[in-house]
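Labels A, B, C and D are assigned to the chains in the order they are written; within every chain, residues are numbered from 1.
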Amino acid sequence: MRSTLLAPTLAIAFSALLCALALLASGANPADALGVMIGHVGKGQVAVDIVNSTAIYMLAALAAAIGFQMNLLNIGIEGQYRIGALVAAIVGSALVLPPVLHWLVILVVASLAGALWALLPAILKVTRGVHEVLSTIMMNAIAFGLAAYLIRRDMFGILVGNNVSTEPIPDSGRVPGIDLGDRGTVFGLVFLAVVVAAVYGIVMKRTRFGFELKASGESPTAAAAGGVNAKKMVVVSLLVSGAVAGLVGMPEILGRDHAYTLNFAAGYGFAGIGIALLGRNHPVGIAFGSLLWAFLEKSKVALDNVGVPREIATIMQGSIVLSVVVAYEIVKRMDLAAEQRRVGRALGTAKPAEQVGGDGK
Amino acid sequence: MTDTESEPAQPPAVALTGITKRFPGVVANSDVHLTVRAGEVHALCGENGAGKSTLMKILYGMQAPDEGTIEVGGEPVRFRSPAEAIKAGIGMVHQHFMLADNLTVLENVVLGAEGLHGIGRRAKARIRELAGATGLDVDPDTLVERLGVADRQRVEILKVLYRGARIVILDEPTAVLVPQEVDELFETLRSMRADGYTFLFISHKLDEVRTIADTVTVIRRGTTVGTVDPRTVSSRQLAEMMVGSELPSPEHRHTPIGDDEVLRVEGLTLRTQDDRTLLDSLDLVIRSGEVLGIAGVEGNGQTELVETIMGMRRAAEGRVLLAGKDLTKAGTLARREAGIGYIPEDRTRHGLLLTQPLWANRILGHQTRRPTARGAMLDIAGARRDTERIVEEFDVRTPGIEVAAASLSGGNQQKLVVGRELSGDPVLLIASHPTRGVDVGAQAAIWDQIRSARARGLAVLLVSADLDELIGLSDSILVMLRGRFVADADPTTVTPEDLGSAMTGAGSDRVDHIEEGETR
Amino acid sequence: KDSASSNNSSGGQNGAAGCQTVDKPPAASGQASTSEVATDVDASSLKVGLAFDIGGRGDASFNDSAAAGLDEAIAQLGVKKENTKELTATDQESEDSKQTRLRQLAREGHNPVISVGFAYSEATKVIAGEFPNTQFAVVDGFVEGAPENVTFLGFAEHEGSFLVGVIAALESESCTIGFVGGVNVPLIQKFQAGFEQGVKAVAPDATVNSRYITEAGDLTGFTDAPKGQVTAKGLIDQGADVVYHAAGASGKGVFAAAHEAGIKAIGVDSDQYNQPTVAEYKDVIISSMLKRVDVAVFDYIAAVAAGDLANLPQVFDLKVNGIGYSTSGDMLSDETVDWVEAYKQQIINGEITVSDTPTTS
Amino acid sequence: MSTADTGPGSSVMTMPAAPRRRTLPAWAIFLIGVVAVVGVLATTSYLTGKPALTSSLTMQNTVTLGVPILLAGLGGIWAERSGMINIGLEGMMVLGTWGAAWGGLHGGPWVAVLSGALFGALGGLLHAIATVTFGVNHIVSGVAINLLGMGVTKYLAVLIFEPLSQNPRDSPPIEQFETFSAQPLGDWLTDLENEQRVVISDVAGLLGGLVTRVSPMLIITILLVVGTYLVLWRSRFGLRLRSCGENPVAAESLGVNVYFHKYVAVVMSGALAGIGGAALVLGSSPSIYSEGQTANRGFIGLAAMIFGNWTPGGTLAGATLFGYADGLRLSAGPETVHALLYAAVISAGLLVIWQLWRRKWRTAMLAAVGAVVVYALYYASDELPTQFLPYTPHIITLVVLALAAQRLRPPAANGVPYRRGEGD
């Protein structure tokens, strides 16, 4: 318990210190900057934006966490969510269905497309032993190519001003949000992220599947001896990871943009990897990590507004990840030593004095 | 106690005084005193976790003592790293091989000692020169991964010789060797002793100790119990010094073998990707209440046999039937569900999830069955309850079932694994080296559990490198060599030496109570 | 039918002497009207907010050009410097960050709020709805259904590109001409389309090879000078002796390649002959296609101050001097300038319609 | 008491592998590979009438685009051979670009290279502190360093460069290296190339590209490739370093200071990535730092390293592939890239013959089917959709990996946490 709270607290304090130094170096007042970042949350729709972004980051981080649970590094989330979003936008705009059904179909299509984009790396890994980092880096690049191809005007793209977009998704496919008036609109699919996180939490903790996933992650050899089919787990976890990744773009597309455009945001995949590690692959940890990440991301605008270099927020993201993991590591070592001490005490092995009796010299 | 023999004129090769080493929660060494004369083979005995390896690592500079002093050749020294110990003429062959598979023999040997003869032609020449002394006959440019166990052992000794060490620590060098290989090793040691080398020799096998050692020091619970002359004590006395109580042993107790055929293996063949044959058309049958022992030098296919029967490797040909049911195409989980329990040879790699709590380890391999699971959901309460039962029944010494498996000592880890594998009423237990590396008390407990399960009708396939254990527990023994069964021995009459001969392929014509062939 | 031209280069002969050209069009008649916006208005009461695209002020590209327009307004229209605010977008930011930025500017009382780059179109539409009394403008932007208070400052890049296409055709000896686009998106395709049409108008047999550094979605094509250089070298290797680029910062590499091979190059957006970062290569920059974002921004501010947005041009094109070409360095002969002016007049008069989509691909 | 016991020290011994047939030395395989590739390209160039496939310009472009990737890949080798995964190469490379521009402003191109190396090395040092000293997961640390690299660089660019260049994204231009050409040789090769004789002109073209307008950066890179090989495979220090990546506990038991070697390796890795950044700066014209200029080259470098089986020669091949395919697309255009399909058909044909000769019927069959499919694609189309062309090297990499990944051999203890005195 101590480790779960102590480590992040230490780490955030430490990275805040680092950034304060950087701010001082550039002649800004760290306290003011922090004040601006926090004050910013109360302004306009920023709070709602943070909530919306949190949901998106959560989905990306959950996708990454599913891979991490079994020691797979799915760098391909970036490509998977792009393909998921694009294919879902294309299919969603072509369909006419009653509202709820329409959303569900779009979400399923997005997941399938994301999973499909993870399929090749999964197959290459289990049949040919290709490292997933390498294959997913390649697939990310190729995803850009496919996206550029599909959005060509002779394919599925239409021209809107200087922008290219897919056909807009009809109203029945748009997921309504919670309108908070001046405060903005919370995406309806924020709840999707919550549901995915809850399902993830339960599956990991309570089900055979989660157990097998974690077991293969911790020790592939022990898992194999315990009857876990490692190859199957690799394929399944990469596909599930890809499926969740496919959903990453959905809150924005179904809740706000209603089409895939050239402006479609990039970078959620890499953020997701960082957040999953920050949250220790735990759903609650991921939720808080996403919140922190979203807060930092949104504060870039606020910092820029008061003339503070907004790169500070990026530096802060990097240094928080680094210091959190370092802090975790330190606290883990402390905990392990404490546990060994406890075991030692309980078993009495730490009391050699009664045994002393040797005379050898 | 033979202190008087040391001549005052010559200082001892090594003198350890008052060594204490604490680990978190454990005192590994506590006020240890040890004196090793120059030119002797000094054996170190003690039960698991007594602190032998730790003491040697301290002498070798790998760990720093919390208290105490070290003298080498009469000079007080303080090693901060192995490099300094090596400089002082100390070399160490570790309990676990310390070799990099993907480097060549040459590279493994010269690593860290590049200053002596470089890493090129001169070094190669020097290695060729020394190889003879160790009996190693391979090209120095061979990758170590291509070497067998005995050759790896030789490379380890070569590493020590190459550095010009005069004091050589051998930490359980014989654990993985068959009797003939042990004899060869001892030959090497004797001739080197004649050349003036000093040895510190660790072994659990007390007869070996009495064969080779000039002096024996016994360690118990991290401290020296005494130093004795091996010629004047019996193995039993030694053992009692180590344990502090009477020594149990694997005696053979016959129980009737049932008629039901539990496991039938027919024509089992396993090949590697590049088409080498690892298992060559093996047949065997085990009936209920029967223990079938498999003897063999490590690396002759026992691991592969067990893993193929468990479905962890895919057989190229052959069938595996459990109680008449064909499992040839089944996966590991299906085989477990059909009633096979599996004690793997390496519990930390194949048996346990080290960072998970004990109850989670109870679930492994039983994730589809009661009481640890219900449908697709885990039954965590059930798993907890049953873990408590195992802890109770198998005397697993732990402060609770929430601690990580890594916190348990090896023997207790092994008891947990055995308890788990005997849960859920298996009809067949596959036990690979079930007592390897566990201390005497735990060993006896594990033997008892296997015996009583057998009495209830369990069939057991036992693979062990401990020939006494094999002979003591088995109803019949098959000897494996290069992926085939080469002999069939009767445990009531066979001796470890006979078995050893058969295992190396040397003794096929020497013993009458070993029947040739691939029967059964 | 062949019309001989001057000593310059654009003779009517084939081969190394230059391209076979069509008849020289009649000399320019009529005048380009400058924008009708009054410049004697007093804008001292305006608070102007400027939201840049990635890069911001100083990027030596269209952000900088927009900034120049604001500076001009400060100098000429009496806008007070302290009443202006500039904010800049970050890489990979999401749509809501753009909205927050605009909202921030609007809330602080900036009016007008000008954003730079088509990526702001959608965000501006949303925020303009929230602040009906604030005037908004989007450089390069367009989106359907925007409220009244949004002005899209669009440009006829293809018209300017047509003119530099004329220059290229006249200046080429080999009659092979190259075009390097940064990223294959509709905006840059406008440049390609106009350029190709311009070349063909003068020299129907000329070859124009067009290449893009990256495809839609991969914005690195605008920042990768080495790849710009490689691309231009390839075009030069295939015979091009005039190259035109619309590749942002990658264009530096295009100039470098032209410089190295001793051929001619045409710049884009601003008068690159005078740009410090490429000063080394200025001797090959015979002209630049000018996209007068500064003019548009200035005119827009003036129009807001004067309260007559109605008179602002729909599109900043040749007619209103929103688009043009530069002659800095005096590397164009009078003859060439005559040709260009003649075509310019034809376009202004509507005798030539320049297409904004390339015929190929 | 190490918890992750998957380390090499605990590997279970099973049957030893059979002694391998004597294989050719690495350099011979490398040479045969080069000859085969040149042969295939020359044949394709001849049959499809696309001289650009083997022109000297293509070679020059390959060098321009390949060098930064190669340097990043070399950095990857250093780190991973010592057992440290370095996914932070991109961030270190970005630091290198800033450092190079900054150093170059003050002291010219040589200082730029040094300063790029220094800044990259600082990134490496941070990675080493996090992973070696604190035992942080290597990937996490790498991700963080990528973020930090970009954040810090942008921050510094605004702080230092903007006042000079009036541009927050660019530095002022720095002095470039003088290039030189091996003249008589270069001319002779150019003549040969222009004669368009089969094979000879192709070889002349490729060689010509290597010897004309040579930048000292290329020489530095080649020296670093050779140097990496010599240091890691032919020196005492290299042996120790590699042993840390194979079995750190064994290395420790022989007196090797594992922490020290890992530190050196990771810092060196950062330095090489930083030199890669410098190569990018110096290879741009004008030579400036410019935001976003690395464009994922660090990741591609990592890919080239894995492609190259963690060896300098292989990484050279991987980087060449990326540089070649990208350069060909940009400079020769889509039709020429299309001709690469033809090269693929020829390669597949050769593979069929080779597999038939080895009596691997199944593989031969698969290769034959592949050849037919690719040929059909080639025949049916004039051009590939341009949208996919930038990703040609990525697709080739996937195909090559699918065929050969089983031969890849990462260092045994790569990415495995190591703590002094905790092995057994």
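Keep in mind that, in the parts below, a residue touches a chain if its C-beta (ideal position, glycine included) is under 8 Å from a C-beta of that chain, and two chains touch if they have at least 3 such contacts.
A quick map from chain label to UniProt name: A, D = ABC transporter permease; B = ABC transporter ATP-binding protein.
Being a predicted model, the structure only gives us computed values, none of them experimental.
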* Structure fact -> By C-beta contact count, A-D versus A-C, the higher one is A-D
* Farthest chain from chain B, comparing Cα centres? -> C
* chain A to chain C: how many Å between their CA centres? -> 40
* **Computed distance of Cα centres, chain D from chain A, in Å** => 29
* **chain B and chain C, separation of their C-alpha mean positions in angstrom** => 77
* To do: Would you kindly tell me how far, in whole Å, the mean C-alpha position of chain D lies from that of chain C?
  => 38
* Mind pulling the chain C residues that touch 2 or more other chains? -> 91, 184, 215-216, 218
* Structure fact -> Residue numbers in chain D touching two or more further chains are 1, 3, 5-6, 296, 387, 390
* To do: Give the residues of chain A that touch two or more other chains, as numbers and ranges in rising order.
  => 144-145, 148-149, 219, 221, 336, 340
* Structure fact -> Listed in rising order, the residues of chain A that touch chain D in the complex are 22, 25-26, 73, 120, 124, 128-131, 133-135, 137-139, 141-142, 144-146, 148-149, 152, 219-221, 270, 273-274, 277, 309, 311-319, 321-322, 325-326, 329-330, 336, 340
* To do: Flag every residue of chain D that touches chain A in the complex, lowest number first.
  => 1, 3, 5-6, 87, 126, 130, 134-137, 139-141, 143-152, 154-155, 158-159, 296, 299-300, 302-303, 306-307, 385, 387-388, 390-391, 394-395, 397-398, 401-403, 405-406, 408, 410
* **Partner chain C, residues of chain A touching it in the complex** => 43-46, 49, 52-53, 56, 82, 144-145, 147-149, 151, 153, 159-164, 252, 256-257, 261-267, 297-298, 300-302, 304-305, 310
* To do: Going by the contact rule at the top, pick out the chain B residues touching chain A in the complex.
  => 1, 3, 17, 23-27, 30-35, 217, 220-227, 310, 312, 331-337, 342, 344, 349-356, 360, 363-365, 367-368, 373, 376-378, 380, 397-399, 403-404, 407-408
* To do: Show which residues of chain A lie in contact with chain B when the two form their complex.
  => 206-209, 211-212, 214-215, 218-219, 221-229, 336-337, 339-347, 349-350, 352-353, 355-361
